[in-house]
Amino acid sequence: MKDMENKDNNFEPRIVAFVCNWCTYAGADLAGTSRIKYAPNVRIVRFPCTGRIDFMLLLKAFGSGADGIIVSGCHPNDCHYTSGNFHARRRWIVFRNLLDFLGIDVNRITFSWVSAAEGAKWADIVNETVDKIRKLGPYTEYRRAKDYTEEAKQYE
Amino acid sequence: MKNNIYLPYVMTIDRIIEEAPGVRTFRLKFKDKEEENAFSFRAGQFAEYSAFGEGECTFCIASSPTRKEYIECTFRKAGRVTSGLERLEEGATMGFRGPFGNFFPIEEWKGKNLLFVAGGIALPPMRCVIWNILDRRDEFGDITIVYGAKSENDLVYKQELKEWGERSDVRLVTTVDPGGETPSWKGEVGFVPSILEKTAPSSANSIAVVCGPPVMIKFSFPVLEKLGFADDCIYTTLENRMKCGVGKCGRCNIGKYYVCKDGPVFTKKQLNDLPSEY
Amino acid sequence: MKRYIIEKSKVNEWLKQIIKSTERVLAPVKDGEKVYFRPITSPQETDYDSVTTTESAKETVFPRTETLFRFKTEGKDTTLSEVSAESYPQTVLWRARPCDAVGFLPLDAIFNWDYKDNIYNLRRAKLTIVSFSCNTSDSCCFCTSVGGGPGNTEGTDILVTLLNDERALAEVVTEKGEKLISLCPTLFKAVESDEDKSSALAKISSRFTSEQVQEHLKNAFDSSIWKQQSARCIGCGACAFVCPTCACFDIQDDKCGRDGKRIRCWDSCGFSLFTKHTSGYNPRPEQSMRWRQRLLHKFSYMPDRIKVLGCTGCGRCSRACPVDMNIAEHLYSIANYNHEK
Amino acid sequence: MSNLEETARSLFKEEKVNLIIGFEEGSRHPRPFFCTSTDDIPKLILDKRCHNNTAVYLTKKDLLGTGLVGIVATLRVLKSALQLSLENQINEGQFIFIAGEDASDVQVLKDKASIQSYVDAHPEIPDSKVEERLHHIESMSREDRWAFWKNELSKCIRCYACRAACPLCYCERCVAEVNCPQWIDPWAAPLSNMEWQVNRAMHMAGRCTGCGACYEACPLDLPINLLTKELSSEISEDFGKGISGNVLSSFNPADKENFFK
């Protein structure tokens, strides 16, 4: 963890992907079985549906060391549960606005629709995200806010 | 006592016993031998147990102070910390801070008859006293234990109940709530206060100790009164929420008393003078 | 007690020396409409005009969030480590008010009445308080009703009173205070005679006495006044958190991977969850009971048990309350209420 | 049209209310007042200084008792009451609203429709100070916005006055107090304070009536009303002006975004 904090060439971004079981997870699986190579920086967390992905999970991921986040699910109208991704889309529209207003870097979060057939798109999304985060550097700014006020003051 | 009153002893879980659904007993041993040798406690005292990363919670010490080589605690999985404790396996380490609070004045009870009334998960604080007294059996008079739980399966310390039941010098009455019995159940069926009334132990030269959920205590007190127990001969333990255990955090404050310092053991006479915030 | 005179224009020079020689100097600093005790690096940052800071000075010894110890798990094993005593900074609290200084006495009592809280004591030992007498007050101040006053020296290390535009009186109460004087011995001139500082003090009339309140609270537990007073209370923790003597806390674990800290953070008896059991049973289920606990604890239980009143009359709770639960007003009505009815 | 005192008197006498929640003169500004008998009626006041959103008491069952309750209602109280009614937290007929901005001129509203038309007839003048601050923050760079909020929220002492003062924060168990799992760390630290405010704002999305009670309650004057305000304006921009209710529990297949890949 510590060695990743340096903003030098050795920085390997840590990406957490929150994906739905039915589309993006299957898409990522397809990318694997089709032997499409993509950046190994991503840890995939599978959910039954994008509608289940609580916004707090994103904040917790950043707080626990993620430098970038991918949220991905079924294309609109393709949700296994009919409307989970519509609910999710609304939530992300509102949430993204709020984060941006708070000055949290929304460029570190990639939102995408990846279907079970889009293995190549998944690989592209991951590669693009990793490249982008590599340029942005580690998200220490956010993690530093974890310190208690008193301790934080002593560091300054 | 340690210099930092919030720093726990690190304990190793030596044995885990499944008592009832969701209820476990941990047998704990000190990781540090020196700490073990310096440690002592008295029946009725409690401690703060912690699952590192989840937090601390309060239960009594369930083993007898006469058994020096280990400490036992019994808990039901209910909240965050107890869930964290439940995930621990034998050989794992956990925190232990104590002993705190006052204790049952067992020395004053010498030569007297003792009545123990307990419900559900509240047998552990009593078990500590019972073993303490059974280990010095000839110093005390008759011993009667009335213990009840929701169902047969919910009774804790089943092995020990059997052992106590087989002893000729202990009168054990176990009961389960109506509907909690199985066809093979040989004990009583009914709530603890009514079974206590039916058991009708003598109040002459006797001490009663009552532990259980607030509602059981509430209905047991009048029964004891009817049986002739004086208020200063009825003991109970209060279960107020605690965090620090050392009279600082303010949670267990009732009137000018702190349950963690002045309790958890109170006589009914003392409770009569306390604001009813327990 | 030793008394010195310092020229008013030289006070900043003295403060400069204190800043130079101390790890951390906390002084009131204006931030928008509010004033906070903050670390300062130059005397000019200090705000001398405010009656009190928005928050109390208790955070110097009892921070809102602090580490009790750290733990590290490896496999099934756990090792614990304590925070080193050196990490608590040597601190001077500059331009506290007499009510800030006297507020440390109840804290001392709470953290030491039985078990000794060493973390608190380490911080406390490293704290020197320089308070300034009040020349102004506001409608929420009631220190004189609870045994304090605008020129009270109790609990402080040095009390500075600005006598007039030229001279200030420094009353040095403790050894710690004497050390600060010795930083700039040339600035101070010892005075033998009693300096009359009363004309430089704010006039705060006493509305009741703490004895009156205590007497009335003896039989007030079942009084109807609690429900009446607390009806508008919305159950937040603002009063407790800005209070200089409220010391109730929570203990929590902050874990990140295999490492973690056990911390303590402020809590309030006004929150409904404060006493709630895991089973759902709550000995204090209603807001009126929690309001009663707050007042009884400060004005009855604490004096009974640890021989110190849990209120300094600083009035912060009244200023912070969103629904104007004015504590002085409530105490006044308690002192004039017939609880028998 | 009548004055407050007469109206209150007639409510006690003719409508048999047991309680009127209103305002009285306080020690520094008017404060909520529970008027339980005609003897207390002279204490009731109503004017521009009556800021508290007393709709917060409408969901406190132990305070209200079983009888009919009257409430002196400023515009913000009425708006909150409408939202509470939309969320099925209060019933029509449970309360009698004494609507008005000044004690000399109040009217009695009993049903939802009349409250709605009263609110429609009294459009709120946008608070220019709030708008100004919003624009100011929006115009900052992302880094400056982060620094601004980190600085503001690191002051937060987690007294939850914002939650307690909000009429729409009526949950019996708040997410801040759920500890299995512990979404929001309960101690005060810049990040956990921010997490708390993010949760508050998200749970208010589309529900906030913009009364500003959270900001007014905050003992440290943290501009937390800007968070919900910002969301409200974004929501009406994104999902249409007329949208009401909890935006996040509904959806429209035609919702537009521009950031999904």
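First chain written, first letter: the chains are A, B, C and D, and each begins at residue 1.
Just so we're on the same page, contacts are C-beta pairs under 8 Å (C-beta built on N, C-alpha and C of every residue); 3 or more make two chains touch, one makes a residue touch a chain.
Predicted model, so just to flag it, every value in this text is computed and none were measured.
The chains in contact with chain C and with chain D alike are A, B.
The chain pair with the larger count of C-beta pairs in contact, out of A-D and B-D, is A-D.
Centre-to-centre spacing of chain A and chain D amounts to 34 Å, using the average Cα coordinate of each chain.
Centre to centre, using the average C-alpha position, chain B and chain D are separated by 47 Å.
Taking each chain's centre as the mean of its C-alpha atoms, chain B lies 39 Å from chain C.
Chain A and chain C, compared by their mean Cα positions, are separated by 45 Å. Along chain D, residues 187-189 each make contact with two or more other chains. Annotation for chain A: residues 148-149 touch two or more other chains. Contact of a single residue of chain B with at least two other chains is seen at positions 79. Shown are all chain pairs that touch, namely A-C, A-D, B-C, B-D, C-D. Taken in their complex, chain C has these residues touching chain A: 39, 59, 63-67, 87, 89, 256, 263. Those residues of chain C whose C-beta lies close enough to touch chain D in the complex are 31-34, 36, 54-55, 64-65, 139-140, 231-232, 234-238, 240-242, 250, 252, 254, 263, 265-266, 268, 271, 273, 286-287, 318-320, 322-324, 326, 329.
The residues of chain B lying in touch with chain C in their complex are 1, 3-8, 10, 50, 52-56, 78-79, 82, 89, 91-95, 213-214, 239-241, 243-244, 246-251, 253-257, 261, 275, 277-278. Here chain C touches chain B in the complex through residues 68-69, 71, 73, 76-80, 82, 110-111, 113-119, 221, 247-253, 255, 260, 262, 264, 267, 269, 274-279, 281, 283-284, 289, 293, 296-297, 300-301, 304-305, going by the rule given at the top. Of all residues in chain D, only 26-29, 31-34, 52, 56-57, 62-63, 155, 157-161, 163-165, 177, 185-189, 213, 216-217, 219-221 touch chain C in the complex they form.
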